[in-house]
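Shared between the two complexes below is chain A, which has chain B as its partner in the first and chain C in the second.
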Partner chain A sequence: MNKQDIIICRCEDVSLADIHKALEMGYRDFESIKRILRVGMGPCQGQTCEHLIKNEIARFNKVNPETVKIHKTRPLISGVVLKDIAESQDE
Partner chain B sequence: MIKRDLVIVGGGPAGLCAAKVALDAGMSVTLVERFNRLGGQLIKQTHKFFGSESQYAKTRGYDIAEILIKELDGYGDLEVLLEATCVGLYPDKVLTIYQDNHYFKYQGKSVIIATGASEKVLAFENNDLPGIYGAGAVQTLMNIYGIKPGSEVVMVGSGNIGLIVSYQLIQAGIKVKCLVEAASKIGGYLVHASKLKRLGVDILMNTTIKRAIGKEKLEKIVTVKLDENWQEIKNTETEIKTDALCISVGLSPLHQLMSMAGAKMLDVSELGGLVPKKTCDYETTIEHVYACGDVTGIEEASSAMVEGRIAGLMAAKHLGFKHPKAFELEETLNNQLCVLRQGPCGEKIRCGLKKAGEIND
Partner chain C sequence: MNKAEIVIIGAGITGLSVAYNLAKKGMKDIVVFDKSHFLAGATARCGAGVRQQWATKLNCILARKSIEFFSKANEILEYEKDIEFKQGGYLILSSSKEEDIQFEKNVKLQNSLGIPSKLLTKEEALKIVPHLNKASFTSASFCHTDGHVNPFLMSEAYYLAAKKLGVKFYFFNEVKAINVTDGKVTKVITDKMEVITKRVVNAAGGFAKEVGEMVGLDIPVYSENHEILVTERTKPLLDPMVMSFSMNIYCQQVPHGSILMGRNNPDALHNHDISSSWQFLDEMAKTVNHILPEVAKQRVIRTWGGSYNISPDFQPIISDSSISDFYIACGYSGHGFMFAPITGELLTEIIIGEPLEDYANALHIDRFKDMEKIDKEHSVV
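On to the complex of A and B.
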């Protein structure tokens, strides 16, 4: 199995090999992996890779995937042009 | 900032039904929809629905969308925003909306989140090759845009979406080479699976996709057999030539708005992932913020419609708006939900709701 060719986060082009390497280096929760690999920071904000990464973390830590926390969801949920926010008349 | 009695995010079956009931109760309603038309997933569902008459059984999905949209005709207090994405939700019920390069704010006295779900993906070698799609995406391409996804297709997953989209591919003149399912049981209704069988589609059980092969785009896939512990069985790899692969392995609730607003979320695998903790009134842990439809747990459009009506009714009730038939409607709707979730097909959702603490038995 070539883990380099298994894409986990397609927004930021992160492979299964990258995830496993991060886990082995000691980054064992979603927030840490996000900070080092940028998973969940692209256009879909983690909606696509969330489940796959959760499962990998669970497998590595030998816990139930339901107990693995994902990253903190922050506004905005999709890309907004900064100029449009700056020009917004809204208070 | 524009203030409304109710802002609904998502114009699918749940959002449309919530709007109707809330309008009947006299609320001013804004309905925010990301796509260029209302109806959500219904508009690409060319098959006739199962279930009961009260949820439009025997009617095709896109016709149900038409019915629900028409029901909103003539309400002066309804505003519909199309191609508008709600990009933020805050605890004071302020919503930020992005439409046509304009960024603006709404505030609802109450808010209903009916954002639905997105497709889950699978991890296998070369899973980023062009020609690999989600089954829902294929249904959108075919039934909304009239575009063929390929000349032949392998489907992964035997849930109702996988089965129904396979059938619709055949209707569109595309060869479905086979359907692979990792479990030992068909996930969706047997009547759909039988239909495929009769048309000569091979259904390969205990099988999963191992690898995709192709230079510029998908050319071949490799499948592998699984044992009862979901481990690959050696020497069972099979190569299949195909230019399209359809992944239908479940949906995941679009939880982001509620997560960012700070609503308490629960992780329940049977419901598809992160769902908001809610009361039997469909209210989340943020007062006057409700959730209904697939975003509260993956089910069918039929239950999304009923949940939407309940959420609309409760949003109105908790702000003192009186629906003319509030009492009888509440009872009828709750009964309808129970009926929809009966039997072996409702087992997964019942199990999920039990885990979430929403039902007891």
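On to the complex of A and C.
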């Protein structure tokens, strides 16, 4: 299958070919690729693409995927501390 | 041992612009260090707005000259993609007599410096953004040549152009020490390597004060967290950036379709915190719901924070220093991205010893020796 037709990030319409081009240009970690291609910035916040991209970064850098950092999880998609919920009952 | 003609600390928009401009003037052996990955700091966290409506002469000139560059940046830098320069204008709302008086003064100053801003009545403002809450403001000022630039792509354009001219970038290299001998910089030491150099540029953004301390220089700046949120991509809702100083909001739809908005926290501590708080989300939602109820119907998908590096007069420091060949570009007070083009040009002139235009002498760090005389910028969020 053509790399251009394999969609890696559905929110921002980024293909496998785009990911490989970014890696070849020298953007070799998730946060850098995110800034150039917007992967992880759409409504799903990387929940679909992050593991796929992690594997591509690992393959390119010839390292174990477990050592590849993915991007920072940002609110609103993140766990909530129960104490914060308990203490925000001011209204 | 590695040698460099100059070492630039920080590969954010400021360091990138300085590196590109120096290389374009023919300087060789330029090294740029960054402690993290590409655009880890404030550049990638900024609100993406570029405006010329300021209350001080200095900020107006810096902004106007930078906008001139943004309008030609794709061609000058031979960028294959597009920096997304969009001139939807900035609509700055007034909601009090004091703001009316301030804006009248601002527009007069801006016009005298060639910036085509104007005062608008409420009705005129509503023609530009029909869904503004009529009850939330009384009048406005507007400049149609203000607008938006994509910070990621603008940075990449500088980065690729600088690399093409031979600038060497080292990411994940945190500067730990700068050696000074007889009042002159001699060596920069990172956690991974050492470089012998004649000159150093401090373009460390939120960490500019700490980098100054490495050479014993006290730069009167501090860092402060400013939070932002972004909505899902949506239909065209806002052409200009809508802003209010008194209601504490800036809000713009970027070409991508998502809407960015931010406000300051008057109780923010002076430190390197860049975390997200629920208080911001709560206050931001209430503010935007009051001024722009149509925008408040959109879904928020992400919030983040970034450092403003704040100077005593909310204007940048672009100058040499009491340490020979140690140069500074910091203290942008939240506006480093929009002033980056002129920063690179001016600091290059300072470094290679070309005469400066008169106005630029006011950017010197020595202006803070007499705090009574500084011309403070008030039009900031």
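The rule is short, and it goes like this: the second predicted complex is superposed on the first by the 76 of 91 C-alpha atoms of A that agree within 3 Å, B and C clash if a C-alpha of one lies under 4 Å from a C-alpha of the other, contacts with A are read in each partner's own complex, and residues count from 1 in each chain.
The rule is short, and it goes like this: contacts are C-beta pairs under 8 Å (C-beta built on N, C-alpha and C of every residue); 3 or more make two chains touch, one makes a residue touch a chain.
Keep in mind that this is a model prediction, so the values were computed, not measured.
Using the contact criterion defined above for the overlaid structures, shared-chain residue A:N61 touches neither chain B nor chain C, since it reaches no partner. Of the two partners chain B and chain C, more residues of chain A are touched by B. Contacts of A:E31 after superposition on the shared chain: chain C is touched, whereas chain B is not.
In the superposition on chain A, contact is made by A:P75 with both chain B and chain C. Within the superposed three-chain model, A:G42 lies in touch with chain C and out of touch with chain B [touch as defined at top].
Residue overlap on chain A between the chain B contacts of one complex and the chain C contacts of the other covers 45, 74-77, 84, 88. If you check the complex, the residues on chain B that touch chain A are 1, 85-90, 96, 98, 101-105, 118, 120-121, 123-128, 252, 254-257, 259-260, 267-269, 273-274.
By the touch criterion stated above, chain A contacts chain B in their complex at residues 1-2, 5-8, 10, 16, 45, 47-52, 65-67, 70, 72-78, 80-81, 84-85, 87-91. The residues of chain A lying in touch with chain C in their complex are 27, 29, 31-32, 35-36, 38, 41-43, 45, 74-77, 84, 88. Touching chain A in their complex are the following residues of chain C: 37-40, 44, 152-153, 156, 230, 232-233, 256, 276, 278, 281, 299-304.
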